[in-house]
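Alright, structures below, take your time with them.
One chain, chain A, appears in both complexes that follow, with chain B as partner in the first and chain C in the second.
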Partner chain A sequence: MSQSYLSRIGSKLFILLIFGFITLPVFMVIWISFFKNQLIVFPPKGYSTHWYMQLADQGNFAMAFFFSLEVSLLAMIISLVLGLLSSLAITHYEFRGKQTLQTFLLSPLVVPAIITGIAIYIFLFKSENWLGFNLVPSFWSLTFAHVIITLPWTVRLISAGLQGVNRSLEEAAVDLGASKLQTFWYVIMPSIRPSLVAAGIFAFIFSFNNLEISLMLVSPRQTTLPIEILNYVFWKVDPFIAAVSTVQIIVIAGLMLIADRFVGLSKVF
Partner chain B sequence: MKIKKQQNTQAYQVGSLIGPTTLLVTVMFLIPLLNFLRNSFNVFVPGQFMQTAWTLENYHKFLTDPYYLSILGRSFYIAFSATLLALVMGFPIAYFLARTKSKWKSIIIMLIVFPLLVGNIIRDVGWISLFSGTGLINRFLLDIGVVQEPIQLLQTPMAVIIAITNVVLPYMILTLHSVLERIDPALEEAAYDLGASRWTVMKSIIIPLGIPGIMAGTLFVFVLSINAYTTPLVIGGSKVQMMAPALYSQISEVSNWPLGAAMAVILIVFTLLSSTIYLRIIERMSMNVRAAGTEVKG
Partner chain C sequence: MAEVVLNHVIKRFGNSLAINDLNLSIDKGELVSFLGPSGCGKTTTLRMIAGFLEPDEGDILIHEENVTRIPANKRDTALVFQNYALFPHMTIFENVAFGLKMRKVSKEETRSRVLEALSMVQLEKFGDRYPRQISGGQQQRVALARALVVNPRLLLLDEPLSNLDAKLRQEMRSEIRQLQQRLGITSIFVTHDQEEALVLSDRIVVLEQGEIRQIGRPQEVYDSPQSHFVADFVGVRNFFNGHFESHAFITNNGIKIFTDMKQKSDFKKIGIRSNMIVVNPNNKEMYINTFKVKVELITYKGTIIELLVLFPTGDSIVVEMPSEQFKQNTFSKGDQIDICWRPDSVLPLSS
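Now for the complex of A and B:
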């Protein structure tokens, strides 16, 4: 009896340790951001919030933050619309090559984002000469590259949502004389709202924290937040960059809590 | 594309629903990717750009140079270690999650997923504060007197393996969890009632039935690890080079597009090949296990 009690305590402890390991780096970032001195030493000489006060003064990071926000919001909207339309075709129609097409739309997930980013850059760079106008770096090429990596998530989540819609409701609406558009708007849309919200939030997050896809596509003067952080980290790691990172952590934590309200997180991955 | 009137409207509807997306993925993903991989057969002329050709020179250069081969070997070794570590750490958690009736379950899942959503570069900031010369780990080792001087932790393969394991562990847990959850708890209860030990239950029920999850999880995590970019760049630096950062620097710093493209092809093919071999081995192993099982029963 005591032995099984001990082993139960042991396995609880092991699980707690692994949880500690998972959250350790994020916890460290938040902790360091409140250190008083610029040089990170343990134990800290004291705590303060003055690094957060400096955030507004550092124009680079504020600019990168808003640039990232703009790119990710737009990429999210575009990939939501495209994802919804494609998912409707996938779930509501039978056509030849459907399986292949579905795999094709999800395929950007399996190619490393760094390779996708380079490939898009080289292709657009070559097309530039041919077309005669500027393509890279440009806001739109960056945004559409982000659409490519977020699209698999919206297609997957929205098709899963559409598959859960009770088809007899749609048939009833059609029987009662509703047009296709009316059925879509009054029957389908309300029932897939949770998966739309989740798809949007995850598309935003995966765009916002992605660094690899943007590396070749940003201009030196206007970069995304993860790249700005990367460039700083090459140089040094101090409480200031931890404070910048903590802001991103808070934004993403907020979004995750909202997403969890609509769709259980374990269903997403 | 003109749609003739006699063709059914359904094809038109499908086309207008899924056409724009297909077009976008073709133009922004498929064609660029094929075009980039085509570059791997071109010739690099230093100073100039590159010349269109059909040559295997770049592949030859990579596959005969010990320096490049060591990068590929290291990528494999680091990805393999991280996958194994993630499996060992992830399995208990996934099993615990699959069996717990705690009301905290959704919060626990959130805690697991959260670091994954925060992004790699942020976590690397945390790792640097742990691994650096003045970092928390060195401080601890100095305080308890294990070492007299700070030891080098950053830019070591071990640090990269730990940091990558941390990145991929949530994926491993979630994949295993989805499979372990479907195993009927009644099987375990029956085994316990018949006097089986915890270890026997693990060995003869949970692990064999969890094989599909273990396969999917390890494969997914291995692919993610071998393609890692940010973590090896920031934690490993120039001393622990892996394929993704190395091929990026060929493109952006050396401007050797053909060699960079060849490295991309090699990385993709190598990943596919090792995944296929791995699946074959697991298939054979699980067939042997099943054969042994029927023998015992007979």
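Now for the complex of A and C:
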């Protein structure tokens, strides 16, 4: 009995350790963002919130933040629509090349993002030569590239949601006179709403955090927040950048919490 | 005039033949049950009538209209699903109202028709609840109300009672039958429970491997099953192979069984119900068929006792006797007893 008690304590401790190990950098960043001095030394010479005050003054960070927001929201909406349509096709119809389509839609999950990024860049660059006008850098190219990496997430989450809808519910609706569209609207939609919310949030997060793909597609005037942060830390590392990161962490963590409320996050992975 | 007609209907799934040349006609107001073992094609047939599957060949007519190519949402049928398929995010009221909403019925009319349908199944007080907040039996009733509220020409029920416990099943069984007769609605009831089919139906269609083996009123099917398969399905447990010699049947092991067959026939099989066999009667001669057998096994089954008995030839059969009568007899395992049955209890069967 004491044996099992000990092993329970042991496993709890183990989980706590791993949890601490994973989240340590995040807490470090938040801690550092409150350091008083520009030079990061331990222990800190004192604490202040003045780095946060500077956020508003640094125009390029604010601009990058809103640019990121725009790209991510648009990428989210596009990948939700495409994800919903392809998931409906995958779960409701048998057609040739279905397996291939599924693999194709999910493949960006397997390929390292930097490779996808380079591939997209080369593709756009070649297309430029052929078309005769600029594709890189542009807002639309960047959004299109982000859709490629967010689409696998929306497809996965939405098809999981659709698979959870009992087919006899749809048949019951049709049997009672509903058209395909009415069945979708009155029966399927309410059942997959949580998956849609989660898919949207995930698409947003993956786009908002993306570095590798944006890297080659941004211009100095139109930069995403992660790139702006990267640029900054090339030159110096100070509590200011920690404050920027903290804001980003809070946005993402908030969205994660919402996603978790709608669908257990464990369902996603 | 026939309300539903299936005309040479054939359905294949890939290479396997699920329904083979089905012909059936159902009259207005009739309740017909499809009875058969798992996989015999009951659901497939029902889904073709509802419009969820298209037959590969043949036609389906409802009220003299050929509906073979008409999609499910345009057919005047209502299906009650085995798992009820109530919409979980809608209240009971909204569930029942769904079909009317799709038909663009006005708010006031919807309200009165839904309440009427709910009171028909004694659930008028449950309109505001969600499906998960009511019991299985109540969900079953909601499913029924939801199907009936649209006044369908044809009510289709796919094993609607199989998820309920035995007592509730019997209740719902008679409730469905009463409702069906009161509304005079043509219905098809799928089941693999012979008792359910016998109690509920105007006619029973016995299916095996996608083919109709017998159609008839419950009593006909029960009293004179035509084949081994049907007999087995309606509870006949004893079978003998052999041949007829005038009105007597000689089994392959030489047992001579008298039947009420009038002229010579070439049936190669007979069946005898266990409950038609009498043990140690006072007036043996009355039964004409009398045999001395050895008791192999005695099984207590509540109101009846089941005996497994052995003929001197090695053939064994199952005999049922009332528990009360068993108490008055004094025999046990290994003893010799007399078993008797009348010639008209013998069922000649085609194989």
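Keep this in mind: the second predicted complex is superposed on the first by the 254 of 269 C-alpha atoms of A that agree within 3 Å, B and C clash if a C-alpha of one lies under 4 Å from a C-alpha of the other, contacts with A are read in each partner's own complex, and residues count from 1 in each chain.
Everything below uses one rule, namely that a contact is a pair of C-beta atoms (placed from the backbone, for glycine too) under 8 Å apart; a residue touches a chain by one contact, two chains touch by 3 or more.
Since this is a predicted model, take the numbers as computed values, not measurements.
**Q** Hey, is it chain B or chain C that touches more of chain A?
**A** Between chain B and chain C, the winner on chain A residue contacts is B.
**Q** So, does A:Val71 touch the first partner chain B, the second partner chain C, both, or neither?
**A** Neither partner.
**Q** Based on the superposed arrangement, let me know which partner A:Ile15 touches: chain B (first), chain C (second), both, or neither?
**A** First partner only.
**Q** With both complexes superposed on chain A, which partner does A:Leu157 reach: first (chain B), second (chain C), both or neither?
**A** Neither: A:Leu157 stays clear of chain B and chain C.
**Q** So, A:Leu80: does it touch chain B (first), chain C (second), both, or neither?
**A** neither
**Q** Just checking: does A:Leu230 make contact with chain B only, chain C only, both, or neither of them? Give me first, second, both or neither.
**A** A:Leu230 sits against chain B, while chain C stays out of touch.
**Q** Does the superposition put A:Val197 against chain B (first), chain C (second), both, or neither?
**A** Neither partner.
**Q** Quick one: which bits of chain C touch chain A in the complex? Just the residue numbers, please.
**A** 50-52, 71-74, 77-79, 81, 83, 85-89, 98-99, 102-103, 146, 150
**Q** Any idea which chain A residues touch chain C in the complex?
**A** So the residues of chain A touching chain C come out as 166, 168-169, 171-179, 182, 186-187, 190-191.
**Q** How about chain B: which of its residues touch chain A in the complex?
**A** Spelled out, the residues of chain B in touch with chain A are 10-11, 13-14, 17-18, 20-22, 24-25, 28-33, 35-37, 39, 89-90, 92-93, 96, 106, 108-115, 117-130, 132, 134-136, 139, 163, 166, 169-171, 174-175, 177-178, 198, 223, 227, 229-230, 234, 244, 247-248, 251-252, 257, 260, 264, 267-268.
**Q** Within the complex, which stretch of chain A touches chain B?
**A** So the residues of chain A touching chain B come out as 7, 11, 14-15, 18-19, 21-29, 32, 39-42, 82-83, 85-86, 88-90, 93, 95, 101, 104-105, 107-108, 110-116, 118-120, 122-124, 126, 144-145, 147-148, 151, 155, 205, 208-212, 215-216, 226, 229-230, 233-234, 237, 241-242, 245, 248-249, 252-253, 256-257, 260, 264-266, 269.
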